[in-house]
């Protein structure tokens, strides 16, 4: 919904939205943040995994950049382009996991001209469920789930508490960072890092780190275009 | 890293470039450069057989593409599942209208990518069914068979499924016999040294000298325990103690035995382990109907072996005896 | 020593015990437990093909016993020539009355032991002639070809000689074509890591990380130099620079190319080296008629490769195309 | 020839002989010395080679013991049994090299009832030539040749100088030991040890050591049965 003219502050606040069209900038910034953090993510993965997480992510996101340069579109479209590339071209576990993640968000937002706290909330919930449908990973396994699940929960809590989209996104950011950091003390139970057992303790999980970057960009770029 | 490579990020591509030159009699490239097909695929009137997985397991997976074997393969990066598109393209080039059986190993990435490819393929009107090998006993306890990994038992699944398809079996026939092969197959691996993924540049884990990792996976996944290195006879006993009761294999059973090296274990040692396993089986009244010893399914240059047993019935025997021509397995019709 | 063995002094015996069980379709034991023969040898009306050498080179030598290949093999201790008696017994079981071609590699021990066996065989009325492979270019300079070692080129000699005998050739025909194969063949090895003889228990030499030994022999004999490890493309160039001018191989020639791993070098890397060699040959107008890539002739678990080229004429082509069935080389008739 | 009755001292000395029959004790003692030195020879070989020289030698000599226990005979016969076993059963380079060595001595002494300085001289010369016919090894290559060649030369020199068999054998022993010791400062040019290049310097050669043991036994056991 668009609001013309004046409205009460609280009304404006609870009605915070951004347009699906303007939202495409979120994907632009997601691509940038992955490209910029390619080395960092690989380095983290190198401590417990095979050191290619940044490479894998960068490959998919950069392919998406090329596709969007040729055929740009709104947020839901761009997310679905990203998802399709991750699913169809990247492989490994990362391709399908983040592919499902972005596909769920893109699908949830599809057809919505305006994206407010409810739309975003549904999208995040769909993303969590979609990943859960293909991965058995649970909180505590030292994966991206440790970032994603508490972040979505924090958003939902804010939403239930009647917070604004801005506030909910902010709550999500904080929880995502906390979730990411929580992986530091965990022993990996899934993926390559599980090989290390106790030795995987003491370093961040690469997927949890990239997931935190992604959620922060969604929050920050989203907030930037709120009106 | 003592390796003959150029760009570490190009190892799979360069390998494939060479592979299609060396084996031009047998395989052809496809539009998807990571999908290699049997030269005469799709074979008219035959169910297509597809597999795929991460690279670094040579001759698996590509080495089992050929006559009466696999029709198309999706080749991922080293130890990394191929994306759904690759599986999809492999399905497409293998399909001759009789449907496609996708026979692969139980890994999270492969499960996800195959599932997505199957959805797409069905949307495009191709009938696809799957069998997921889960022969690696130590990777999950009895009762949780569904979460066990697939290891060298996959080869027997391809052999059997490939033969059934070549004999004219329907998609359901092929799926059924491949699933029977998997249900009747149990494996276990023992690791003696790690391997190095070229893009990573250092070993993926460590095994102390004088130790062995019992139940190791095909990518160096941890086993059930690390113990002092034992003589081959003890290793064979240890393996048999785990895999025989799991199926169980009983006196009077006939089996295929497959000992595969993991990369750097000399053939000589593989035969020595075979010798010890054979003695135990003979003692227990289990008859080896056919056996394979060699580097059938490797993990780059890991030292170690896997031991795989498949219990046979008449149908499986016929499939095992069937002529096939692939780089990894080449058999004249057994009379 | 990360090995699957029992008694280190029994490795060859245990391996052979297993080998004849696993490959009972193809090979049989003989009265001499270190001599293994093709199941149907002596083959009526066919010249017998015999080889032998130290063990530890699997699938060589025993792996080339089979149909249209080698009829009998003498299996020495690890890296140690079999005694004359073994060669003699192998000659005896291979002889069907048309004479025996003994085709082996140029090593001091083998030369002495074969010579003595041949003397004895002749005394017993068996006609025996020999061809000695000396394909390893870096082992002696041009002009001193006679003192060069035999390496993976031996396999092509067996393939060609075995095919000729199976086609009905006389002993002289077989010797002539096997000698032609040797004369037209050049090889070179590059070593990246040593190996450990079980009875010795420690590596037989060292190669520093980041270095490679150029021109290494099949038992770790020193090469011509130790240089910094190079990318595969440079390695291929280095090999071609040594072996191409030596024959020489010229534009317009057709060749067999054989890349063999020395034990622990993954197949992937072997294909990558092949890819680079193929590019150089193509550039120079040399056509690869047929190629082999794999662990055809190893040195226990050494890391490294050998590259072998054989220049072809019509007779050699026919022999290469000929169907054969052995563990190390199994080919359907090429049409 | 047998001498009955008295003769001048010098005549007795130049006519020193032992019988082929009594000479079989030489082979008995050769077998013993190899069995006793099995570990020592392997240890020396282990420093530059593959540590199996004692094992290889012991295998052949012990097989010879078993054969001679069943079918004993005189020296030339026993040497030919030893040679046959080495040649036909031992393999490697050692089998044919020592096989040829003992076969040449055995053949040279065949049919001789009495063995004197001439007979022994011819036998040693035949042994050197026989090995030379199958091995390209030269003095200085750090092999058994470094023991054998100077030892035989010393014997021949003594013979030319008109020394007794006793004296010639003594000269041979001294030269053999010197020859063996000379390998210590050599760089191996043949066999496995050549792999080491400069690093092969500083230790004895295993074959040169076993050859010295063998020549010493021939000399000592021969002298013992002189009359």
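Lettered A, B, C and D in written order, each chain numbered from 1.
The rule is short, and it goes like this: contacts are C-beta pairs under 8 Å (C-beta built on N, C-alpha and C of every residue); 3 or more make two chains touch, one makes a residue touch a chain.
These numbers were taken from a predicted model, which means no experiment stands behind them.
Undergrad: So which chain is farthest from chain C, going by the mean of the CA atoms in each chain?
TA: Centre of mass proxy via C-alpha means gives A as farthest from chain C.
Undergrad: Please report how many Å separate the Cα centroid of chain C from that of chain D, as a whole number.
TA: Centre separation, chain C to chain D: 36 Å.
Undergrad: Please report how many Å separate the Cα centroid of chain B from that of chain D, as a whole number.
TA: It comes to 58 Å between the two C-alpha centres.
Undergrad: Centre to centre, by mean C-alpha position, how many angstrom separate chain B and chain C?
TA: Inter-chain centre distance comes to 29 Å.
Undergrad: On a C-alpha centroid basis, what's the spacing between chain A and chain D, in Å?
TA: Spacing between the chain centres: roughly 84 Å.
Undergrad: Which positions in chain C touch two or more other chains at once?
TA: Residue numbers touching two or more other chains: none in chain C.
Undergrad: Which word fits the touch map of the chains here: line, ring, star, complete or other?
TA: line
Undergrad: With touch defined as at the top, which chains are paired up in contact here?
TA: Touch list across chains, by label: A-B, B-C, C-D.
Undergrad: Using the touch definition up top, name the residues of chain A that touch chain B in the complex.
TA: Touch residues, chain A against chain B: 46, 50-52, 55-56, 87-93, 95-97, 99, 134-136, 190-192, 194-197.
Undergrad: Please give the residue numbers of chain B that touch chain A in the complex, ascending.
TA: Within the complex, chain B contacts chain A at residues 9, 76-77, 79-86, 88, 108-109, 111-113, 115-116, 197, 199-200, 204-205, 219-222.
Undergrad: In the complex of these two chains, what residues of chain B are touching chain C?
TA: 2-6, 11-12, 14-15, 17-19, 21-22, 25, 55-56, 58-59, 190, 192-193, 207, 209, 212, 229, 231-233, 235, 263-276, 278, 288, 291-295, 298, 300-301, 303, 305, 325, 330-332, 334
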